[in-house]
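Presented below are the structures under discussion, each in the form of structure tokens.
One chain, chain A, appears in both complexes that follow, with chain B as partner in the first and chain C in the second.
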Partner chain A sequence: MIRNAWADLRQYPSAIIGLLIVSLLVVMAIYALATISYSEAIRLWRGGEDIWQDYPRTASPEWTNFFRAQKLPSTVLLDSRQGQGSKVVEPRGALTEITIEFPFNFQADDFPQELAIFFYATFTQKQPHVEMTWLTPDGREIRIGEYSPRARDSYRFEGDSRLARRLRNVPAQQALFAKPDVEPLAPLKGVYTLRLDALVFEGNGDLDAKFIAYGKVSGLAGTDHRRRDLMVAILWGTPIALAFGLLAALGTTVTTMFIAAFGVWFGGLVDAAIQRITEIVLILPVLPILIMVGTFYSRSIWVILGVVILLSIFGSAIKSYRAIFLQVKESPYIEAARAYGAGNLRIIGRYLTPRVIPLLIPQLVVLIPSYVFLEASLAVLGLGDPVLPTWGKVIDDAFRNGALFNGYYYWVLQPSALLIVTGLGFAMVGFALDRVFNPRLRGL
Partner chain B sequence: MAEASLPSRSNLAATLTRRPGWTTTLRVLRYSVVRLVALFATVVVGVYLTILIANMGGYVDEIKKAQIREGISLSVSMDPANRALTPAQRNELIEGLVQVEVRRLGLDRPFLLRSFASLTDALTLNLGRTNYLTSDSGSKLVRLVILERLPPTLLLFATSNLFLFFFSIFVALRLSRNYGNLADRMVIALAPTSAAPGWFYGIFLILIFSALLGWLPFGGMVDTPPPADRLQYAWSVLRHMILPVAAITLSAIFLTIYNWRTFFLIYSSEDYVDMAKAKGLPGRIVENRYILRPTLPTIITNFALLVIGLWTGAIILETVFNWPGLGRLLYQAIGLFDTPIIVGSTVIYAYLLAITVFVLDFTYALVDPRVRVGEGGAK
Partner chain C sequence: MTQATADIKIDTTRDERVKPASDAPSTRPEQGALLSVRNLRVWFELRRFGFGHAGYVRAVDDVSFDLNYGETIAIVGESGCGKSSLMKTILGLHRPTEGEIYFENRRLNDFSRREMQWYRTQVGYVQQDPYGALPPFMNVRRILQEPLIIAGVKDPAEREARIRKALEEVKMTPVEEFLPKFPHMLSGGQQQRVVIARAMILNPKLLVADEPVSMLDASVRVEILRLLRALQQAHNLAVIYITHDLSTVRYFSRRIMVMYAGQVVEQGEVNDLLSNPKHPYTQALIEATSDPDAANAMKFREVPSGEPPSLVRPPAGCRFHPRCAYFIADVCDKETPPDFDVGQGHLARCWLYR
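Then we have the complex of A and B:
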């Protein structure tokens, strides 16, 4: 049967496309699992500035520049500890003079998002003193300010009110990159240099620095409002979505089938009880109950999964299975099985349930995306898993931060596109399977 | 859609020859009453389950007790008459008052007894007071807050469901008449798009028509401030409704048409339809009497299932569109941890679903010949 089904399935181009999509998603899921471990994914996604300080906020994906006439800048990161830039150490008696220069080529048509220097100083008593100077491509020299960094310190250009006054209240990331005396402000392209002249007052003192000009594009997937690389969520959302969808769909359809079979086979009270329970469950509002569970008890995706399965095993599908089983129950081959002495469980498992498998498989495949979307729906309601990165949570974050208002379209579009692609892939396969397994639909 | 039970056609001939009379009316009535009683029992059990879930582990009671304690300690510490008390005395006073309040609310009784009390409260829509949210008129009664939010939900979903239902049946009939043409194949190809729910399409509609083009509002039900003129008010509501209705329609239309079309096709390949065609009956009569009439019970079942599905799907759609309905209320209640509203709206949803099921049963009794002639009806 399976081999025939496969041969039939190949007749449908939509099924081929659907299968391709599904296998691509599976590959993506495996890649995600292989590169980032479960605990690592959680750590990354929950991480704050300590993990993501090198990334800009709400930056578009880098490939969007391809479609832009005005290219947005990427992040420039220069770290003297990594040997980037140049660092010259000159002892001057008791003091040491350290000069760090960070030259970089700036070719974008827009200004960076923020500028920051992170200092890594070694001293026991007296903090080093740093003088910061900005050199533009046209040879101007702009004094930024002086600073005495602690052991681990950061200097953000925007937060310096004296610098702001000196730059006539134009934000530093614009004033420092702008062509002089041109209105409106336009960035000047060329090689900029940030020079740090530091005095270290102790014999074994040292100073290193990391300069970051945060860009407006970052990585393949962009970043969110907490500087997190969306790639983590995009990648890790895949195995979670697939696992949730598959487990929920399997859990509900298979148990529903067995419950219906038990009811029909044993009849009488068992059947009546199952029927009544089905009617009660039909009235129970699933989503509000899920919301209640999410609000009161646990938002863990696995708890929600369990509740979803519990609430749907007595779903309305029982009725359609029951109708089929009632017919099958009277078939001669069931009687034959009974005659040779087959037990109840054997008849249910071997003779009754296989008859609805053709109905069940397409349904199962079509159900998968609806559960994937259910997870996204809960996340959009703010009931997403608190620790795991999922596509739905990215959409939720985007909405809470006004992504559509502020024009961060990539933030919503990427997870949405993945959701719809997943939905389409499974639905296409499911629809084709439905036609393959239900000859009545063939040719229609 | 395919899960609805198909009517047996053997009884049709028998029904068609009989004229409806008193016995039929009585039978339909009896059937309806029995169903009503059965459904009420179902609602009771359903609501009780909801209450059990909402109180699981006594969590809600803990919240309630904490609120009582907080309120009493605040009022005791604010009262100038208590200023002379030592901290120990004050604690004693607070403790005593808390005990009185806990006893007054019946929180000291065993959970089983209390759960039955909450059940009667819920069933009589005595849903208590909200914790934080208020209705627009300033009331804190859960019932009033929910009742105020019901009309917008009904407006939005009645409009879109009715449109979706009639439009899809109309188109499906058209397609089934000449299947295999371009429109038909397009619908088949587009059917998988219904894998995504309405709110999902809502996001894109907002993106295109509000954010990029600026033609339609981002969300809400009327402009702020609402126009004083009635006509303008209606116009404003209409403008706000376009996108949500479009989102609901878009998410369901192709699949619904596809299902109906397949369903009609199966039925139009029946022998009696061929017979009617052979007799030379015009296409309209064949459609109405030989295809639509026998499929009517199924059509009604599917309509009800559609309504049930959309009741609950409303929550997120309303949130995405900022529609001031029941779903959005629930969303706000989650954010504020407003337990009475969450439990209350779950109860309301249970009632709405039960009413839908009852209306379905009643109409079913009217159109299904098996119920009318007394076979397979009320047991």
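Then we have the complex of A and C:
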């Protein structure tokens, strides 16, 4: 039967495309799970400034440069602890002179977003003294300033008012990269060098530095307002969306089927009770209940999943399954099974329910994206899981931070496109399956 | 084959207007009989709007008979006469409202769940519609395996051996070819053979066949009947053969019971009863049976006027009296006739023979 179904399914190009989409999503989900562990994903998403400091704010994905005439710069990150740049240590009696040079090639048509240096100093009493110098490709040498970093310190170029005065109030990331005496400002391409001349006053003291010229494009998915790499959410959103959709769809359709089968088989009070419960649940407003649970109880995605399943178990599907089961119940083969002694559970499990499986499979497949959408809608309503990175959560953040108003289209469009593609893929497979399993629909 | 003489007692003295009482008199089962049915009533309660009592459908009303090992009995009657309800009660699918069923002198009414499970292995069931009787999503192997699994045959090799043996017995060979097939891949005759194999796989002592050939092509009917008779003789099987087709009765069974409106109106030896029917209903039934004879083409057949009576409010007295051509006023519509012996165990429930 399965083999026949597959042969039939191949007749529908839409099913093939749908299957491709679904398998791509599955591959993406497996990739996400394999490369980023669950705790790592949460750490990257929830971590805080320490983890996000290497990324620029609201930067577009890097691939957008492909469509731009004016290429935006990507982030330059040089860390002396990683052996990037050059570090020369020269003891001078009681002092130690450390020279760190960060040369980098800059070829973009736009200025970086911001500039920062992070210091990692080792000392007991006296803070090291650092002199920062900027060397441009055309040989100019611009003094940035002096700084005495604490053990872990950061120097942000914009925050230095003396530097700003020296640069005639042009923001540092523009003034340092601009061609001299050209209006309007345009970046000069070539190799820049940041030189740090440090004096360490203690014998066992040391100094390391990390220089970041934050770009305007970052990664494959860009970043959000909190410098988080959206790739984490895009990747990890896939398994979460698929798991939520699949579990919710499976949980509801299968339990609904069994409840309907139980009601029909035992009949009488059981059936009446199930029917009345269904009628009551049918008029319950699902969304407000979910909002209430999210507001007062828990916003964990798994709690929401449980509530969704609970509310959908006694859904309208019970009525349609019941209609089929009532018919099947009277089949002679059920009577025969009773005559050779099949018990109630065996009849329900082996004789009654297999008859609706062909109806259930397409329904299940079509239901999956609707639950994925439900999860996204809840997230957009501010009821998303506060811990997990999900597509809906990204849309919610984008919405709250005026992404469209500010022109950060990638921020909204990426998760939206994934949601749409997911819905489309499952719907195409589901409708084709429906035609395979219910041949009467083929003419439609 | 055990030669059997049936002892038939039909008690009709009860007032049918009252709900059956639990302290109804009942006779002990015939010693040595495989199956004894005593004063069996199967009434279904009618409810108004899902609750509230609205009377009973008296599907089976006071039926008694005995069946010996290896004996065959035919139950005939038109649709709605209660023969299916009688059969389902014997199969344990309905509970008797009143009266007793004894199987090997054990009272079916008080069977525990375990005894019932045993009883179900002792009784095979062949249904009318072979396609409907087979689950469409199971192949032949699964279909035949189910009764074995339920009966607790744990060893897969033994199950397989019994499945093969059962298929060979119903002449479904080569067995390998049929085992993986689904019901829709089989012809009507093959389907019915699978149904018979399923009924026989637990080696029952009693086979209940509910119109086993009425939905088959005429060409296949004889084969299936021959197969049933061969099995019956090979296993000394007692068979209850239910039909509305009198032409197949003679071929298959020795005794016959004619049912009308939930009661047995006439019974006896097949040849005797069919050639010399006593009850006006039996006469009408035989008259209505078509015979493929050119002389009958233009012949007008006398059929009793009117409809079968309501089983909720059956007519007083003889239940056939509103349709009867020999209606005797003040007798037939007042008192229920008892069984009158019209010779050699041939009983007719009609006032004409008092």
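The rule we apply is simple: the second predicted complex is superposed on the first by the 444 of 444 C-alpha atoms of A that agree within 3 Å, B and C clash if a C-alpha of one lies under 4 Å from a C-alpha of the other, contacts with A are read in each partner's own complex, and residues count from 1 in each chain.
Just so it is clear, contacts are C-beta pairs under 8 Å (C-beta built on N, C-alpha and C of every residue); 3 or more make two chains touch, one makes a residue touch a chain.
A quick note: this is a predicted structure, and the numbers were derived from the prediction, not measured.
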Chain A as common anchor, with chain B and chain C clashing or fitting: fit
Partner chain in contact with A:A342 - chain B first, chain C second, else both or neither: second
First (chain B), second (chain C), both or neither touched by A:I289: first
Which superposed partner A:S320 touches (first chain B, second chain C, both, neither): first
Superposition-derived comparison: chain B or chain C, residues of chain A touched: B
Chain B versus chain C as contact partner of A:G423, first or second or both or neither: first
Which superposed partner A:Y333 touches (first chain B, second chain C, both, neither): second
Which of chain B and chain C A:W63 touches, first, second, both or neither: neither
After superposition on chain A, the shortest CA separation from chain B to chain C (Å): 6
Of chain A, residues touching chain C in the complex: 1, 331-333, 335-343, 346, 350-351, 354-355, 357
Chain A contact footprint on chain C (complex, rising order): 88, 91-93, 116-117, 120-121, 123, 125, 127-129, 132-137, 146-147, 150-151, 195, 198, 202
In the complex, chain A residues that touch chain B: 14, 18, 276, 279-280, 282-289, 291-297, 316-317, 319-320, 323, 366, 369-370, 373, 376-377, 380-383, 395, 399, 404-405, 407, 409, 412, 416, 419-420, 423-424, 426-428, 430-431, 440-441, 444
Residues of chain B that touch chain A when the two form their complex: 2-5, 38-39, 42-43, 45-46, 49-50, 53-54, 56-57, 59-60, 179, 189, 191-197, 199-200, 203-204, 206-207, 210-211, 218, 262, 265-266, 305, 308, 311-313, 315-316, 319-320, 330-331, 334-335, 337, 339, 342-343, 345-346, 349-350, 353-354, 357
